[in-house]
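The two complexes that follow have chain A in common; it is paired with chain B in the first and with chain C in the second.
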Partner chain A sequence: MEYVYSILVLVGLYTILASSFNLIIGFGGLISIAHPIFFALSAYVSALANLHLGVPIPLAILLGTLFAAVMSVALSLPSLRVSGDYLLIASIGFQLGFVEVIKNVEIAGAASGLTGIASMYSGEHRSLAFACTTLGIAAVVVWAVHRLTHGEYGRAIQAMRDDEECFASLGRSAMAIKITLFAVGSGLAGLAGALYAHYFQYLSPEQFGIIQSSLILTMVVVGGMGTTLGPVLGALLLIALPQAITFLNLPPSVMAPLQGMLYTGLVLVFLFVRPAGLAGKPIRQ
Partner chain B sequence: MLDPQVLLQIGWTSVATSTCYVLFALAFALTLKVARVWNFAQAGIMGLAFYAMFAAMLKWGWPHAAGFAFGLGVAIAASVAIEIWGYRVLRRRHSSALLLFIFAIVVAEFIAYLLTLLFGTEPQSLTKSLVSEVYIVRGVAITSWDLKALGATVLACAALSAFMRFTRQGQFLSAVADNGELAELYGIGANRAYLVAMVIAATLVSVGIYFYGTRASMIPTAPLELMLLAVIATILGGIGSLPGAGIAAVGLALLQSSSILVIPSQWQGSLIYFVLFAVILFFPTGLRVPRWLAGLGMPR
Partner chain C sequence: MAVIRVAGVRKRFGGIVVAEDISLEIAPGEILGLIGPNGAGKTTLFNLISGIHAPDGGEIWLRDRPLSGLSVVRRARLGIARTWQHIRLFPTLTVLENLLMGPRHYPGEALFGGLFQPGARRALAAQSRARAESILARIGMPDASHKLPGELPFGQQKLVGLARTLMNDGEVLLLDEPMAGVPAGESAEILDTLGALPGDVAVLLIEHDMDLVFRFATRITVLVDGAVLVEGTRDAVARDPAVKAAYLGEAAHG
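After this line comes the complex of A and B, so read on.
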């Protein structure tokens, strides 16, 4: 049962990640691949705050989440000042650059990773409790994203994404909406990261590399960009698929690139065959 | 005080090393200028060209010229496939810039994973030994690799400049870059121009990766990082300016090499990312290329 619970924890965490990324890329139309680095920054901040400063875990998780949101502003503010295109380029640098920085920071365990992170729950039913917590939080995040994108503010987001010039001519600030969306999305990724740290109790820079970017992007594109349920379907499918490959008992040197090819290959197939994703309405070509 | 001889050596080595970056930057800047796509798939093309050359030269024992031709062929074929079955289809469907971006970056990643599966993560180079013959000129060590790479890059730049300036096809590229719809009204095929730009970019990338692979070793994920330098050079040189991108690439290589004097070695890898932010923050529209240089041949 432990294995099933750990899969459920992953489904919950990746639902949070995919939904928050969908908020940025699908609803906001902002292209970034740096989502995993906010996941990582929060995981490290939360783990280190608890490990070295004795901050209680719930407070450390909150601290990590806020840190991720603040760091996202450091990325989005200078790049969005110019144009949306620059956000993608800056995000690639941000993602690769911070992974490189983490590899050199001794207090964060450097390249060999950070161990000894405290768990949020202990005892016999630790994994079950964690699965319930992450799935519960994931459900709240999906609901919150739905509320945010389908109310009055949601209409403003859609107007900003569809025609920015027209939106600005109405006296609304597109920049404010973009930065807010980016901060909220990245903060939620941070929340997933902090939960991840206190469940798996081990962090290493390799866990937050470019393969994570592909995975989260795949979940959103396959599920359906700009839909509420799409990322949930994407997370479920993409967590389940690799489990199937696991049973093939392939060596890690084959398994890792094969998974990467599966994720990116799926994105390519969906981009051309069903660009609206599983949950979106089919687009007539 | 720093020894002027050391500075001279760093300067020379930087200029020689920058040749590969200049070619990568020109390829990226050309596609962006003509087709208006941030062609991150170029990283995949770089990887394919390198590993095709590697397989031909080191696995099958082909001579270097034949290995290079094979790598070039693979790069051009992949570029044509990406343009025809990728970008062209997405353009025809009036796909958003977001989808074009996603397509380009995902193609680059897919190729990187494919190459990892086929060749592993062990660093590989195109020659058994990366050491080349050294000549000492006024105390500065100049290698035969430096001379070959510089010669090939100057030749490639001159050929590109002549192509863009003096051939009809080159002028068509400039026309499509300026205004694709207007160019089509005059009977210039925009799709053909995009394809030609992709083929030229693949050629430049193949020359660049050949020289890179005969000087340093490579892993399948390295092209994406190498691409970043090309992207920074393109922004810094001013989007749409080919000479600007080339000069910026030389400047970045100089900065990277001279940084060893002030930055500890373990932080060297992060430098390029800090430069990326500084460029986006302070020079988002690039630095101006002097008029005299812009008029030398390559249209801005």
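After this line comes the complex of A and C, so read on.
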């Protein structure tokens, strides 16, 4: 059962990551791939706050989440002035640079990683408790993203994407919406990061690299960009798939490239065969 | 007191002068017709008033408030509403939703309003919706609420664009060619709407259809090459020889 619970924890964490990324890229139309940065920032902040300052874990998780949201605002102020391709290029730069920075921060364990992080739960039902927590939080996140994107706020987001200049001439600030979406999305990625830190109890810069970007992006594309349930389906599929191929008992030297090929292959297949993803046609397009 | 006052506004794009010392005033309830040949700088003047372009010199006032340095967003919130020559409805929003993007105050569009929608906000949203529906009924489109703009004939799209600016409830309305491209059979509702604009609003109306301008405008300003050629009452403008030569004559020949 332990194995199943650990998979459920991953499904919950990646549902939060993919849903929040979908808020930014699918609904907001902001093409950034720097999502793992905020995932990582919060993971490290939460872990270090608990480890060195003795901040209780729930508070540390909140601290990490807020830190990720605040940092995303700092990052988005210069970045969101550019849009489209330029935003993508800027985000790739941030993403690649960030991992290099972490590799050189001693207090964060540098390249060898941060160990000794406290677990949020202990005892024999640890994994079950974690699975329930992450899946519960994931459900709330999916609900919140749905509410945000389908009410009056969602209407404003949609109008902003249709015609920014006209949107401004009606007294609405596109920049305010973009920064808000970016901050909420990044904050939620941070929430996933902090939970991740206190579950796996070990962080290393490699876990937050550009491969992570591509995994989250694949979940959103395959599941259905700009849909509520798409990222949930995407997360389920892409967490289940690698587990399925582990039963093939292939040597690690084959497994790693095989997983990478599967992600890329899936994106390509979906872009050609079903561009709207598993969850079908984006609701409002 | 004038609602909107343009004082000595200048603007050039590179070597091309698009606004040369333009001054005009519009009082509440007044419709100022803005006419002139293509490229005279009429839409540029709209862009200067609504804040899309910053003038190189001069000042624009909304009552006693100078508008320099205020963004498009701030100006719209102060009550400057505009239509566009090319309509620019939001294509993925329904007609009703397009109208609901019109009001200046929209508490439900705030982040927490979007998440939780407390009762007071729901009431405001319902009010806006009722208002939009009554406007749609008034312009003869009660059944179009849930259609997408692309499903409507061109004249009705123009009408929805006009209705959206009416939802702003502002003091200034900038109407950029409300009749351009509208087939004769679809023009009646637009004419009715123009005839029934709120009485206290200052309107600046760009239109190529001279009959329309002379029918609705209380005063007329003629722009040529970015400068005011003549400004005055309908009759004075119609009789002015310079206007006849520069514009009306050209239209008569064209």
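As a convention for this text, the second predicted complex is superposed on the first by the 280 of 285 C-alpha atoms of A that agree within 3 Å, B and C clash if a C-alpha of one lies under 4 Å from a C-alpha of the other, contacts with A are read in each partner's own complex, and residues count from 1 in each chain.
The rule is simple: a residue touches a chain if its C-beta (ideal position, glycine included) is under 8 Å from a C-beta of that chain, and two chains touch if they have at least 3 such contacts.
Since we're looking at a predicted model, the values are computed, not measured.
> Of the partners chain B and chain C, which touch A:Val269 in the superposed model: first, second, both, neither?
Neither chain B nor chain C is touched by A:Val269.
> Classify the contacts of A:Asp163 with the two partner chains as first (chain B alone), second (chain C alone), both, or neither.
Touch status of A:Asp163: second partner only.
> Quick check on the superposed pair: does A:Leu250 touch chain B, chain C, both, or neither? Answer first, second, both or neither.
It touches nothing on chain B or chain C.
> Which partner, once the models are overlaid, touches more of chain A's residues, chain C or chain B?
Partner touching more chain A residues in the overlay: B.
> So, A:Ile107: does it touch chain B (first), chain C (second), both, or neither?
It touches nothing on chain B or chain C.
> In the superposed arrangement, does A:Arg155 touch chain B (first), chain C (second), both or neither?
In the superposition, A:Arg155 contacts chain C only.
> Now for A:Gly97: first (chain B), second (chain C), both, or neither, which partner does it touch?
The first partner, chain B, only.
> Residue overlap on chain A between the chain B contact set and the chain C contact set?
Touching chain B in the first complex and chain C in the second, residues 285 of chain A appear in both lists.
> Provide the residue numbers of chain A that touch chain C in the complex, in ascending order.
144, 147-148, 151-156, 158-159, 161-163, 165-173, 180, 184, 284-285
> Under the stated contact criterion, what part of chain C meets chain A in this complex?
Result: residues 50, 52, 71-73, 76-77, 81-82, 84, 88, 90-93, 97, 100-102, 104, 106, 108-111, 113-115, 117, 125, 164, 168 of chain C touch chain A.
> Which of the residues in chain B come into contact with chain A in the complex?
Going by the criterion above, the answer is residues 38, 89-90, 93, 95-99, 101-103, 105-107, 109-110, 112-114, 116-117, 120-121, 221, 224-225, 228, 231, 235, 266-267, 269-270, 272-274, 276-277, 280-281, 284-285.
> What residues of chain A sit close enough to touch chain B in their complex?
So the residues of chain A in touch with chain B come to 25, 29, 31, 33, 78-79, 81-82, 84-86, 88-90, 92-94, 96-97, 100-101, 104, 210, 214, 217, 221, 253-254, 256-258, 260-261, 264-265, 267-268, 271-272, 275, 285.
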